Amino acid sequence: MFKEMHDLFQWAWLIPALPFLSFLLIAFVTKRSKGLSSTVSILAILTALGLAIAIGLGIIQSGAELVEHPVIVSANWLNIWGLKIDIGTVVDPLSGMMLFVVALVASMVQIYSLGYMQGDKGWSRYYAYQSLFAFSMLGMVLATNLLQLFIFWELVGLCSYLLIGFWYFKVSAREAAKKAFITTRVGDFGLLLGILFLYNKFETLDFTALSAALSTNLQNVAVVGTVGYVTVMAFLIFMGPMGKSGQFPLHVWLPDAMEGPTPVSALIHAATMVVAGVYLVAKMYFLFEASPVALQFVAGIGAFTAIFAASIAIAQDDIKRILAYSTLSQLGYMVFALGVGAYSASLFHLMTHAFFKALMFLGAGSVIHALHEKQNIWDMGGLWRKMPITGTTFFIGVLAISGVPPFAGFWSKDEILAGAFQNGHPIIYAVGLFTAFLTAFYMSRLFFVAFMGPEKPQNHPHESPLSMTIPLVILACFSAIGGLAALPEHNFSFFIHFGEFEPEAMNWGLAGISVVAGLLGIGFAYYIYVKEAIKAESIAARFPIVYRILNNKYYIDEVYLWLIHHIMDGLGKVLYFIDIYIVDGIINGIALLTRGSAKVLRRTGTGQLQTYAMVFFFAVVVIFMVFAFGEGQLSSLNPLAMLGGVK
Amino acid sequence: MADFNIAAVLTPEVALAAMALILLAIGLLIPPSARKGMMPLTAFSLIGVLSYTLYDFFYNPKTSFLNGLYWHDQFAVYFKILFLAAALLVVLSSGGYIQKIPKYRGEFYSLILTATLGMMLMAGAGEFIAMYIGLELMTISFYILVAYLSDNPRSSEAGIKYLVLGATSSAILLYGISLIYGLTGSTQFSEVASGIGATFSPASFLATVFILAGLGFKISLVPFHFWAPDIYEGAPTPVTAFLAIASKAAAFAALIRVYLLTMNSQAFSATGQTLLVVLASLTMILGNLMAIPQTNIKRLLAYSSVAQAGYLMVGIIAESAAGVRGVLFYAMIYVFANMGAFAVATHVSEKQGSDEIRDFAGLARRSPLAAVVMTASLLSLAGIPPLAGFVGKFYLFSAVMGKGYTAIAYIGFVMSMVSVYYYLLVVKVMFLGEGEDLPDVPVHGATKFTMLFSFIITIAIGLYPTPLAQMAIAAAQSLVP
Amino acid sequence: MSSALPSGGSFLLPFILGAPLLAMFVIVFMPKDETKMIKIIAAMGTFVAMALSLFAFFAYDRSLGGMQFTLTIPWVPDLGVNLAFGVDGLSLPMLLLTNLIGFSSIYASWNMENRAKEFFVLLLILITGVMGTFIARDLFIFFLFYEIVVIPIYIMVIIWGSTKRVSKEYAGMKLTIYLLIGSAFLLVGMVALYLAAAKQGNPTFMFDQLAARQNLYSAPFQKAAFGLMLFGFGSLISMFPFHSWSPDGYAGAPTAVSMIHAGVLKKIGGYGLIRLGVYVLPLGAKYWAPVIAALAIANVLYAAFIALAQKDLKYVIGYSSVSHMGYVLIAIAALNPTSINGAVAMMFAHGVMSALIFSMIGFIYEKTHTRNIPDLGGLAHQMPRLAIGFIIGGMASLGLPSTVNFISEFTIFMGSIRVLPVQAILGIAGIIFTAVYTLRIIANVMFGPRRPEWDQLKDIRGPELVPLIVLGLVIFAAGIFPNILFGLVNSGVTSSGLQKVLETVSQAKMGGLF
Amino acid sequence: MNLGNLSVGLSTYLLVGAMLFCLGLYGVFAKRNIIAILMSLELMLNAVNINFVAFNRFLWNQKIDIHYILTGNVAALFVIVVAAAEIAVGLALVITIYRNRQSTNVDEFNWLKW
């Protein structure tokens, strides 16, 4: 069984290669023909999806054997003195799951875009970027080593940059793209350092080899140093995820990234790219596990981000921004899940979140499309009636994220909370639980305000075309039933786990608590926004400072901007001043001195012939004096002539 | 002792003297309209002598006559080649310029030849009085040549300045010679060396200083350089060229012989060597610095030639065959580099009647050849590869560094890069300036030949210095084995 | 003279050298109104050189290593100068780089009409000179070629340059004199080295001979001589604080000169430091390494910060190139084969990148007549192809993976973090600031609202696309398949004896963070 | 003072020579008239002549076989000839410059400077 599958797995490289081919085709051949471009791109990603599904099925069939022995195909990429890097593909359940999720969401988004991007001038460019993104993301998922992962990691960053700034003529989009790139770059700085230190220590970047090296050397203090060394490396590696997955304090770019086209937000900034950080931590989990401090840190950052972002989401009015903060919050969930040791739960949540968050973003896109680029939820209302498919699927998404059984989010979120509780992190559990409540609250708020309530007369919404609704329906199905993967005997955590596999039974008690928290949130929102029993405005009015802080996202953007504009740019200006007037000034000063002294010396040529004669004779006398009286004394000065160092 | 073959030793000198007299006579006899032919005549006779001298260099043995009064060695012949080549190029480039002088009387070429003769005597002299006679023959010819534009007050002012200062310096030189004679009873270099031995007295110091000052004046060593810019500026441009190139080289020929045979550091004084290092450094520094603010091309070249004297002194300080080779090599390429520059200056001065640098504006457009030759020549003077000057400087400074003097090498290299600054100012004017109101100045005939020849030699030696280097080493070894 | 031609020897390199030279001579004798023909001939000359050097690049036997395609002709026997050509893994990439950029620079100047004849004559001299430095195996010849290039640059800057913050005359003069003063010290060092090597007779300038006679150089001598070379080559590679000529010079220079200067000429400094400094004077290199490392950090961070404060496009890239050269310097200071690999690759990578971006800036300036960033904006509307070129250049500049720059930087970091962890970390921090200023100029120049005043501008097309295609292709080809480049460089580092030198040097512990 | 004890020896001649030389130098430095300067130059050259002749007479008055070695005297003769030539050219130049400038004052010969 495994043998036949092995042959299939060797072809995994085709999955990223197809979109790449499509990118090249669009860029160099079909860019003038809109229809061809999108066809090529969608065909490529659908084929990739097919392959991904085939591989996924193959993985399920291979069963435990594959879990123990991932299929790795690799070739040399760089080979110089002291640095040898391979590039290849790894097929294991984790990468198989990611392949499926990425390919699925990417194909849905690309199909959806057929409707959403209708009439946009940059159509071909859009699909070229989409293909490039699909290539990069799929390539990252298949990476066999850290450097390969980093390369694709940066490439998805590039695609994110290009797609956020897709409407480059919008100043906001341009700035958001820049911000996204630079903020993640800060994280990448740490990641790069981590990679360097790791290679430096273990002479390899291969995940399996690293894992083996670390486990054999962990006891050997002489090689690894103290645990502190591992901790430092783990911290550095974690900086990458902090940037990419928008963990506090590098989360600021993600809400702004919503300036891109909504399908892009769905694909990149909700379902796939932003979870790359989680994926990386999962891949490097052996490193984090070796350092309890680092794990603690990961959990802390994750939990804080979860509640922090959720609290901001409550006070936002922009539909995409609410979703963006929700994404941040959910990413925090995944991260702290990893931190508390709920490895499979985190990745499970990664998958389910991809389904329902992509669904909600696409739904939001459908709404925005229908309302001609209106994004403020207070400008919407009563949309369910006009847009039944969008409304229904969106509602499924809300239920899923709120953790209402049997929707997908319930299963994954519950596992995370259970993991936190059972692994002895009560505070984090509490935070997670409260976040679950907040999540349900603000998502319901969004839903109630935008889809229920009175219609706004100025709006003339209509249901979106089939190209947009079909992906919604498909994703809604996955959001509804995706969580059931937790149920069978060979369930999700059988395939994707860290260390020894220990099947765990559902803890229905804990599950009940989290369901209650979710329902509470929904009810609360219903009470405020549908029943209007308590006026939202009055709450805001009662806590004006809190509201303002939340509405302004804790002013973190402002702080950063101040730092950038005053500290960084100011330093730049100061250094420039120094450069011009001191470093260069010295040079110019020497030049000026030379020219000035030349001008002065020039005056010695007075044109008076008798002066010349006198100077001449005077010089003769002086030289004679030196000669006559300096002999002996002066020759001791002779070495002076030899000064200069070389000799 | 008295047996010597005059044909083997003195042919060039005799031929030159005869030619000078013939030209003088012709100039007096033929009508002014026919005097145009005197330039080619002079040039051809110089070519003839030069060819013989070249033969002389490679095939005639080292001899001397009158007890070493006059030497015929490769060192001397090398310098003769140099003087003759310089004279030839000056004559070739001066045709048009001299024709335009209203009171042109034909003795110009005769004087050039007598000056050349004087230089040759200096190069060959093995004795102080003979050297002095050569020096005065050269200098007196130059007095007249400098003041040749008798209607031009600047020219005559330069003449009188040169005369007074030159005579003062030669009086000082002579005083030194007389002291040497008093100390040793001889004026021959070899006997003087043995006579002075290793004994020092104030008189011997005084004599040395006086002789150094006298010759230093001719090579415009700082602080004896003050005359140079004034005289260079006032003199007719071809004369300036000859003065800058040949008279300086002649003084170096004499100085090398005198210094290496009689006053070098073993025989004389380590202090003296330190002093020379200081003077050479000062010469390089001040010469280059004062050239910076100049606006007159001749004055600029004058200061630059002061600086060049400093570089050449470096080779003497090395006191070795390598050093002398450097001086010889550098002096020869200096002829061509300077000659290129002066040929252009002469040409512009002839066509536009001006020596101001600003009048070179747009020369790259008006006469591309002249601009290119000027650029190459100036850069060769600065020692920028692949031009000959670089190799020359390399020889000089590697010789002196081989002796352990590094500071002077720093000064020399840095100052030659500083010199690029003012050379480039000229280049800038030629290439950037528009010069809309200035006439086109196409180059023709002998002038064009001079420019092209200097240019090609400058580049050729820079790219493939071996032939000249081997001549120079042969000449140096004939003096310092 | 006994300079008979050697029986063996490859004439490939002289041909490469001769192609642009021949084109130059043809142009000299052409009427100056035939600008079209002049450009075509110049392009042909450089194309032949590029094709031949590509051939050399792939024909070079990497497993054999060492100097190949050698040709040695005794030139000045009494000095020991040989006209010796040859390339190895260190110089061949530089040779290829020169020709890639040279070829592109002809096309980047395709719209040059003002005094075109002189321009292309000087440009071809410049290209030949730079090429000569890289293929010389003899120090004397190396130096000869190096200084050949200085004067054409000056003339080109003052005639075809542009005056912005500083006048072009000032910029040109500063560039020239600065580099020449640097080379004066270099020359002193070179003469001293030559004399030291000739202590026991047989004077020579051959790099390998000089390196083989290391036992003749005492440690103090090595320190002093390396110090001189550091100053000379350091000012060429714009090492802090000797960098101030660089931004002014690039800003004043015409496009082609900026391309060649930033692209390859600067690299002569790094190349010289490796070939002559590290290879011949390893003890000196070790002595000075901490200083180089410290200055390199200043380069990286200081220049990156200053680039943030610039308003003129060329100044941004000028300071950015100062900043990037810091990486090369760190690599040299780290003194191990990995980092030297990275240094050479980085020089190649930065050369291609900066040439591309300078050519794009050249087109922008040519079309809009401004380089002031606030005056520009939204050019992607009117000139999408130019925007693509600019973005590719920018992405390469900030070291995006899949560009050759990334892998070069990575190699440098990998090599240097072992020995100089603190400096390396500071240097790596530079990638953040590089990203900031690069993305800022991309955003402010290419993106943003459409500006009607640029509506009449035409996108780059036809010959103008050549720099983008050639250089862009190289950036990605070498970035995606790094072994193409690194295989060669590595063979150069490991086979030249350099590796051995470096290993001896790095025996002594330099201390570390962990 | 007993004049009879005053022997006229080498040092006397040298002293006279030195004094003449210095007088000449002083003239060159201080005189304003160009003719006077030319005369001062003559003084300097004559000082040298005195030196040469005195040295020959007192120190190096050798005789080989029947020939006296007269180097100093010969040198003096040469110097006299050269000085004559120099002064001839000098006077001619003075005439030229007087025609051009209507002056013989060296202070006014300063058009060429800096």
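To keep things simple, chains are lettered A, B, C and D as they appear, and every chain counts its residues starting from 1.
The criterion applied here is as follows: a contact is a pair of C-beta atoms (placed from the backbone, for glycine too) under 8 Å apart; a residue touches a chain by one contact, two chains touch by 3 or more.
Predicted model, so just to flag it, every value in this text is computed and none were measured.
K.L.:
Provide the labels of all chains in contact with chain A and in contact with chain B.
P.N.:
Expected: C, D.
K.L.:
Just to be sure I understand: the centre of a chain is the mean of its C-alpha atoms, right? Then which chain's centre is nearest the mean of all of them?
P.N.:
Most central by this criterion: C.
K.L.:
Which chain pair is joined by more contacting C-beta pairs, A-D or B-C?
P.N.:
Output for the comparison: B-C.
K.L.:
With centres defined as the mean C-alpha position, give me the chain B-chain C separation in Å.
P.N.:
42
K.L.:
What whole-number Å value describes the gap between the mean CA coordinates of chain A and chain D?
P.N.:
97
K.L.:
Roughly how many whole angstrom separate the Cα centroids of chain C and chain D?
P.N.:
66
K.L.:
Could you work out how far the Cα centre of chain B sits from that of chain D, in whole Å?
P.N.:
Here the centre of chain D sits 28 Å away from the centre of chain B.
K.L.:
Going through chain B residue by residue, note those that touch at least 2 other chains and give them in order.
P.N.:
If we look for residues of chain B contacting two or more partner chains, we find 160-161, 164, 168, 172, 229-230, 401, 406, 409-410, 418.
K.L.:
Two or more other chains touching the same residue: where does that happen in chain A?
P.N.:
602, 605, 607, 609, 613, 617, 644-647
K.L.:
Quick check on chain D: which residues sit in contact with 2+ other chains?
P.N.:
Within chain D, residues 25, 28, 106, 109, 111-113 contact more than one other chain.
K.L.:
Can you list every touching chain pair?
P.N.:
Here the touching pairs of chains are A-B, A-C, A-D, B-C, B-D.
K.L.:
In their complex, what parts of chain D are in touch with chain A?
P.N.:
Contact set of chain D toward chain A: 25, 28-30, 106-107, 109-114.
K.L.:
Touching chain C in the complex: which residues of chain A?
P.N.:
Touching chain C from chain A are residues 76-83, 147, 150-152, 154-155, 158, 161, 165, 168-171, 174-175, 177-178, 181-182, 185-186, 188-189, 192-193, 196-197, 199-200, 225, 229, 568-569, 571-573, 575-576, 579, 583-584, 587, 591, 644-647.
K.L.:
Any idea which chain B residues touch chain D in the complex?
P.N.:
129, 132-133, 136, 140, 143-144, 147, 150-154, 156-161, 163-164, 167-168, 171-172, 174-175, 177-179, 181-182, 185-187, 229-231, 233-234
K.L.:
Would you mind writing out the residues of chain C in touch with chain A in their complex?
P.N.:
Within the complex, chain C touches chain A at residues 174, 177-178, 188-189, 192, 221, 224-225, 227-228, 240-241, 243-245, 248, 302, 305-310, 336-338, 341, 378, 380-381, 395, 398, 400-402, 406-407, 410-411, 413-415, 417-418, 424-425, 428-429, 431-433, 435-436, 439-440, 443, 446-450, 482-483, 486-487, 489-490, 493-494, 499, 514.
K.L.:
Provide the residue numbers of chain A that touch chain B in the complex, in ascending order.
P.N.:
For chain A paired with chain B, touching residues are 594-595, 597-599, 601-602, 604-605, 607, 609, 611-613, 615-617, 619-620, 623-624, 626-628, 630-632, 634-635, 637-638, 640-647.
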